[in-house]
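Below: one structure, written as structure tokens.
Read from first to last, the chains carry the letters A, B, C, D, E and F; within each, the first residue is number 1.
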Amino acid sequence: MSGWQQNLIIAPILIPLLAGAILLFFDERQRVVKAMISVVSCLALVAIAVSLFRLASYGPERFEGVYMLGNWPAPFGIVLVVDRLSALMLVLASILAVPTLVYALARWHAAGAHFHSLFQFLLMGLNGAFLTGDLFNLFVFFEVMLAASYGLLMHGSGPMRVKAGLHYIAVNLAAALCFLIGVSAIYGSAGTLNMADLAVRIGEIEGDRRMLLEAGAAILGIVFLIKAGMWPLNFWLPAAYSAATAPVAGIFAIMSKVGIYVILRLSLLVFGQGESAGLGLNVLLYGGMATVAFGTIGVLASQALGRLASYSVLVSSGTLLAVLGLNNGMVTAGALFYMVSSTLTIAAFFLLIELVERGQDAGASVLAVTMEAYGDADEEEQEVEVGVTMPATIAVLGVCFAACGILLSGLPPLSGFVAKFTMLTGMIGSGVSADAPIPASVWWIVALLILSGLAALISMTRAGIRTFWASMEGTVPRVLVMEMAPVLLLIAMTLALTVQAGPVMRYMEETVSGLQQPATYIDAVINARRVGVEEPGGPEGGGGI
Amino acid sequence: MNIMDHAVDLPVWAALLVSFFLVVGSGLTLIGTIGFSRLPSFYERIHAPTLGTSWGTGGIVMASMIFFTVLATRPVIHEILIGIFVTVTTPVTLMLLARAALHRDRAEGNPDVLAEVSPDEPKRGPALGE
Amino acid sequence: MVLVLLVCLPFLGSLAAIMLLRTDSRVLAARMAGAVTFLCLVLTAAVYPAVRSGGKLRLDIEWLPQFGLNFTLRMDGFAWLFAMLIAGIGCLVVLYARYYMSEEDPVPRFFSFLLAFMGSMLGIVLSGNIILLSVFWELTSIFSFLLISYWHNNATARDGARMALTITGIGGFCLLAGLLVLGHIVGSYDLDVVLGAGDQIKAHPLYLTALVLILIGALTKSAQVPFHFWLPNAMAAPTPVSAYLHSATMVKAGVFLLVRFWPALSGTYEWFMLVGIAGTCTLLLGAYFAMFQQDLKGLLAYSTISHLGLITTLLSLGSPLAAVAAIFHMMNHATFKASLFMAAGIIDHETGTRDMRRLSGLYRYLPITGTLAMVASAAMAGVPLLNGFISKEMFFAEAVETHADSMLDRMLPYIATLAGAFSVVYSLRFIHTVFFGPAPLDLPKPKPHEPPHWMRFPVEFLVLACLVVGIIPGLSIGPFLHSAVLSVLGDRTPEYSLAIWHGINTPLIMSMIALAGGVLLYILLKDYLARCDDGPPLFRHLAGQRIFERVLVTVSWKWARWMESRFGTRNLQPQLRLIAAAGLLAGVVPLYMAGFTPAPVAFSGVDPIFAAIWCIGAFCALAAAYQAKYHRLAALVLLGGAGITTCITFVWLSAPDLAITQLVVEIVTTVLLLLGLRWLPKRYEKVDNSVTLAARGRRFRDFLLAVSCGFGMFLLSYAIMKQPVPDAIASYFLEKAYTEGGGRNVVNVILVDFRGFDTMGEIVVLAIVALTVFALLRRFRPAADSIEKPEQQRIQAAYDDERPERSAGDTVRDYLLVPSVIMQWMFPVIVTFAIYLFMRGHDLPGGGFAGGVTMAIAFLLQYLAGGVRWAEDRLRILPLRWMGFGLLVAPLTGMGAWLFGYPFLTSHSQYLDVPFIGKVPMASALMFDLGVFSLVVGATVLILIALAHQSIRTHRVRNLDAPKAEEA
Amino acid sequence: MSQTILAVSLTFAQVCLAIAMALAALRMSRGPRAQDRVLALDTLYVNSMLLLMVFGIRTGKDIYFEASLVIGMLGFVATVALAKFLMRGEVIE
Amino acid sequence: MELVLAIGIGIMTGSGVWLLLRPRTYQVIIGLSLLSYAVNLFIFAVGGVKSNAAPLLGEGVDTSTLTDPVPHALVLTAIVIGFATTALFLVVLLAARGLTGTDHVDGREQPK
Amino acid sequence: MLPYPLLSASLVIMWLALNGFTLGHLILGCIVAVFASWGMASLRPAKPRLRKWYLLPKLVGIVLYDIVRSNVAVASIILGGHRRQFKSGFITVPLDVESPMALAVLAVVVTSTPGTAWLEYNSLNRTVLIHVLDLVDEAEWQTLIKGRYEALLMEIFE
């Protein structure tokens, strides 16, 4: 490994880390400086993620996407791996970060201490989880991400957030313990922590050790299912996501996707072939379906927009899980598209909700009451009246809301439709040969997908009518351009996804075909060359400089 | 006990000395703890563990020092730090705890406990029972 | 290119219109919309030569080619005819709306939606890819929603729009699924391919599935029974919208689809039955309902339903002639129904009501409009010399002649005649009630008069069309119809003639019966109709709308809420229970499925002392679990016992590093929990021991779960420990730690070098937590019962107060006088020890983390000894600086390797030979560890001190509250 | 010879200390008062420290020494905090 | 040794899980602490347990006789993270108690 | 530079005891000790004035001896608990020393000696409450503490 391109791989982790650390040296009152550091970091992340995305799309022949930390060879040291999938996730995370951060700058970043540091660390955790090729290191980055998310969830304090935070933390601590048990059971039975090495070794493990390995993997799987929000392990999610401040909920949209990412990664890399192939696919399939059903119910049952959005997260996760459970390349490619689209959608929706509800008297007064009762008057920064009443505010909000509704229910012309269409085509459409019988489970998924879309449609119209036409009479919410622009940007991205569906889907298909050939990944990791070392074995005196 | 292979080179006198200190140290500690579990009142129990923290620790520290010094044929004295720190810190614990107990007993009006001495009644006062 | 322009122009126009934010730009918006629609009309007309006699225009733009979804536009004769209809009537509607819409309405928005809707509709008819078709299909649903709800302050409009969207949305989703199945059968979504694969489709086992799904789509859109009820409710829309949506476009989309897929799907028994039943029911019920409407637009709406039923019925027959009739009637219906809607709109506009019970004798005010309406109504009733007559004749003919042996088929002529009679009744009623009879009383707008000419012009034009087509069908519509029919039926195109007069035949007799019967029936019903409530007898209470809304509310709200609470929870305990159970299952099921047999339990080699220590540890753990509810301090102390057992285990089993770390963490954790304990409520054992049976049950279940989890972990850990240690990566570390990592303590070398990246992440976690704790505590408010000083302090303060010789705080001062001296003197000692632990980490047990925590304990001890004020008066720790420094040093050390061309965190280890001193280890890893040390100190101190500060903060809060309480 | 002598005395010492720990643990759970429990914890700490030192002699390695030293030097901090909590109801004022 | 350790891990897990399912926040935090002991020991145990074979390199130490250092490193990381999260959980439960007035995990007393 | 020379020296000795004696560690130990005593200085403790520090070993000797003696005494009380009756009790001892450092040393001495426990010091009337396990004669204990330890301490400090 060599060249500056190689060092780009670690940049998505280091940049937010350094930014977060530097931010600690500034006082809370130096808000502008803090905001600037944060924004610059996020923009740099976008640039780097996009470059990595381009590099990864060249394929492993032209870009060696393995970074050996400390120059230690693969199964021993920790490696970071950039392939199409991780590059995609990096891009998604970073382009989600910019609008949510900008949105937060309007008011929310001042609602508590250390918002920017926590935000940066969250990005660090996300990027690390996407990049790492090591199971335990994955745990560490999970914890980084989660720890930051705890802080961000409770950013702004208040009883709802703290209560939700308590549940969220308790659940995630239990999950973290499972994570540790799973990883160590895998280490105890396979003797390695490196994912690629594990994929190699799993073929050689026999008998009892294999069973223990599978037990460990299953326990590990529970963690990712909790994170992804699979029913019945997902009750924490609506409470947490709907309690968080808008920008935080916005960036949280990608957090449940981390679980999905890991499941996708591990199931195809380690459990893609061999004796343990397909471990737990049925759990994904039926669990995913149950999740979609539960999410759909929740979407219908939600009166508050925040909960509606949170349940949409579950629908999105459930869809992905169920669809991944089918283990069908074409569908998986569609699922990746869906993941990107739904993440952007949900983020946009969370951001939008706050603006919309700002116009509603009830919500506003509740907020005011909590602020008064629980805010710490003497230390709290004065709540600045932000936003001006623009004539077109309602119109723009309405258009955005409609766009979100269209996206959530999978109606054309936005990317939600393309996403559903691609998945459905792989399940029941022209992607399946006319002679191939379609199993019942697929029909169930199709039915659930359609019903969930319908539920979103019903709920969103209900909510939209209530907020825009029935109760917003006369009151125009004060909204800053700085808050509106991020929402518009996110929606514009879904529009771009629709227009560029062809190239994007081609990337997704290549991603999936890459995942389906784990040998490439494994070779890249195991045979990655150390700097300044001719042969494996190392020079005299150690890997010194 | 093949685990003691490293002690092959230890002279018998040293072994005896080490054993002596070990037995004394651990024995005193045990006695102290027995006292701790058998003595009837807290103020009596508070004395018992000091057997362990004084010569209980001292004995084992000595044993360890002798053992490693003889074995390594150079003075190994870092164990003495343990002795010093235990000696210095145990009183802190005991004082604070005993005083806490005293406070509680007084607050509860326990008649067995000596009240705080006021200048006008220099010796034994009645229990703080109000 | 023309095709793209046709589809895109309306959308561009729509965008442009919405940009006209100023609502007073009414005329401008209308002009632009008019221009756009007219341009579309001209463009469509211009391409006629290309589609004449079976020609086709086609344009392919790649969109998602690998999934068979392309932006394919395709225009054949049928599409052309429809496009003409859409653009033509669109033009007229725009013109009409220019006058219809009032000053207060935000008109640009209206035209924007209308244009977008028109674009979507054009998209449907021009789609050459069936998925693209469904895209535009859904767009029409969305824009029709916006159009119907245009007057959104009106609750009826909102409800109607929502219902329309829900029904057509459901249909749209089904249609998409059906089209996907169609694609699955055919292997392509290209319309031409699909249309060419009719036999293959009909033979496929999924034919019925596809058919049903597609039919749901088509029938919902066309408002066919039983999905018809949305249409009347959509009448809350502005009349131009109704005129457009419910004559030429929206509802026609459904029958358009049936015609479009007619070659591919029709001709089977299933098709006949499904489409036929829906069609005939709609035909009859629609007409029946229409008779009893009191709302003008409601009447027209139900008549629309009925006429669409007619078209559907025609299509169900599967005969080519019937298809011709269907296409023809689509055109005819569009013309007369659009004109009728506009006429109704004029009446509404002029009189302020649409209620037929209030309208009467308007002919004297609106003679021209009245005449026009009469002609259009006659067309609707199927009176000869008008276009409606011809297509109805064709329908009667087909009803008689087609035979697909079934009950339905035998009944069809009678149904057709009856429906014909009904249509005569409602047409007659429309005219008679509104225009004849006495002058109207108490109209909302008392002086109705003829509208401006250009508002009436569309009606005139359409009525003219009715007449022209009705009188000279072959010359007017003939060629265009023929090219449309040709493009649908291809070589199955039958011989047909559009003549008015075919001699006296069965259809003519049927027509006569219907006309006569209709007139008779109207005379009979007249008086009843003038008084009755809105809605048909028998079915008045069976309002589809109400049923739908009730079902929707029940399913989507009541059931959903019930199920949400049934299958979800907002409580923590069930969630944790589920996680524990899931973890247990995940661990057990794979083992059970694979037939795992645990290794036999071996008692040999058990060190009795070790076993004894674990007895103590287990005892402590159990006792802690038992005591945690009421005896918190006891639980904490017992937890310490379990901790020390863990620590001894680490030592016993060769992990001195772990033991040290565990110990220091243990100490800090204890202090931490104690700091927290002060803010928790007092809990007394006696208070709540009335345990219900249910609670006992829950406890027993939890107990079982806990025991199972414990047993599971026992099995798992025993099994793994008993496995021969696999050829792990460990040997590499053991071999390279010294030679390449430059340290003898392999664990530490792993931590700061081999896996230093983990450590970096770990310190970030610590930093994050510290920041979060800090942020959270800044807003901390203790509960009411914790605000007060602890009981002990109050007693001691009171004691000090009581004695004259004592002053406040004497007790605590004396209490700490002697201990604090020792605690202070321990400070430098512990600091030295912390540095020692840090320095030697690389070679022997210790390291940055243990050193850092030890350092933090040194600080903590001073807080314990002297209190917050005393300590902070002397030690200015600035934890954030320590943290920031640590967080920078660790990665910067790692980045140092870049300077030499090595990857991040590559360590540099060397023993520097310093004179007199000897070899000094100079690993860059030490620098990294310094970062760890610094961060750990900062974070630990920050957490502890932030918590400790709450005590003095609440004193301040208490002081602030005190005056308030006095005032109150 | 020395091995035997040491083996016997080490075993004796370990048994004594283990019993001592057990007694302390019993007191810890029995109480009756909080200060008994805290004192028991402190005793348990000290006994563990001694046990670890004996273990060090038994293995002949002084790498376990730090663990004992940590207990000896820092173990009292937890007890101090507990005691202060009992006395003042608050650890840091 | 394995047996003793495994039983110990089992008992700590059982106690921890029991407490984790209790309604009071303090019980939960003690449960989490017990569970993290159990899990740390489990991680530690998977490398195989050996007495007197600490992974410290010295002159003439046969590396093959030493224990697997990897789990040790993992446990160290786990201890740190466990400490951090315990601290956080504590503060959050205090904040929740302050805001809701109860120490029930759901922020309100459950009906019996 | 060196606010507490004796402390610094002790820390250097501690450092060397921990690390073993090498020149490098001597230097490093000195650096650490200086650093640590600066830390101590920042706490601003009441600075002890050691007058006759050479008497310290004497004190240590006496105390060690007493501890041995009382170890035996207390052990016999515990082991013979049922056979031998003993009576424990509180005694109040008026003290003359005032230096907190000296008081601390006295407390350490009293508490380290099994059989006596330092309970509370009253700074107002300068008395200390001591609990004695085997209290036969109160006055004897008072003279023991005052005469045997306090006098020596008064000599050493101030």
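Note that in this section a residue touches a chain if its C-beta (ideal position, glycine included) is under 8 Å from a C-beta of that chain, and two chains touch if they have at least 3 such contacts.
Given the structure is predicted, the values throughout are model-derived calculations rather than measurements.
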item: Fewest touching-chain hops separating chain A from chain F; value: 2
item: Centroid comparison with chain B (C-alpha atoms), farthest chain; value: C
item: Leading chain pair when contacts are tallied as C-beta pairs; value: A-C
item: Mean-CA-position distance for chain F and chain C (Å); value: 73
item: Chain centre separation in whole Å, for chain F relative to chain E (CA means); value: 39
item: Between chain E and chain D, distance of the C-alpha-averaged centres to the nearest whole Å; value: 21
item: Where chain C and chain D are represented by their mean Cα positions, the distance between them in whole Å; value: 60
item: Multi-chain contact sites of chain A, meaning residues that touch two or more partners; value: 136, 140, 143, 147, 150, 154, 157, 162, 166-167, 170, 174, 181, 185, 187-189, 193, 374
item: Shared interface positions of chain E, touching two or more other chains; value: 20, 25, 28, 40, 42, 45-47, 51-52, 54, 56, 70, 77, 81, 84-85, 88, 92-93, 95, 99-100, 105-106
item: Of all residues in chain C, the ones touching two or more other chains; value: 570, 572, 576, 580, 636, 652, 656, 677, 713, 716, 720-721, 725, 728-730, 733, 755, 758, 762, 765, 768-769, 772, 776, 779-781, 792, 796, 805, 815, 818-819, 822-823, 825-826, 829, 833, 844-845
item: Touching chain combinations (by label order); value: A-C, A-E, B-C, B-D, B-F, C-D, C-E, C-F, D-E
item: In the complex with chain D, residue positions of chain E that touch it; value: 51-52, 54, 56
item: Residue ranges of chain E touching chain C (in the complex, touch as defined); value: 1-31, 33-34, 37-38, 40-42, 44-58, 63-64, 66-70, 72-73, 75-77, 79-88, 90-95, 97-103, 105-106, 110, 112
item: In the complex with chain C, residue positions of chain B that touch it; value: 85, 88-89, 91-92, 95-96, 99, 103, 107, 118-119, 128
item: Chain E contact footprint on chain C (complex, rising order); value: 570-573, 576-577, 580, 601-603, 605-607, 610-611, 614, 617-618, 621-622, 624-625, 628-629, 632, 635-636, 639, 642-643, 645-646, 649-650, 652-658, 661-662, 665, 668-669, 672-673, 676-677, 679-681, 683, 690, 692, 694-695, 702-703, 705-707, 709-718, 720-722, 725, 728-731, 733-735, 737-738, 744-747, 750-751, 755, 758-759, 762-763, 765-766, 768-770, 772-773, 776-777, 779-784, 786, 843-845, 849, 936, 939, 943, 947
item: Residues on chain B engaged by chain F in the complex (per definition of touch); value: 28, 31-32, 34-35, 38-39, 41, 43-44, 46-48, 50-51, 53-55, 58, 77-78, 80-81, 87-88, 90-91, 94-95, 98-99, 102, 113-114, 116-119, 122-124
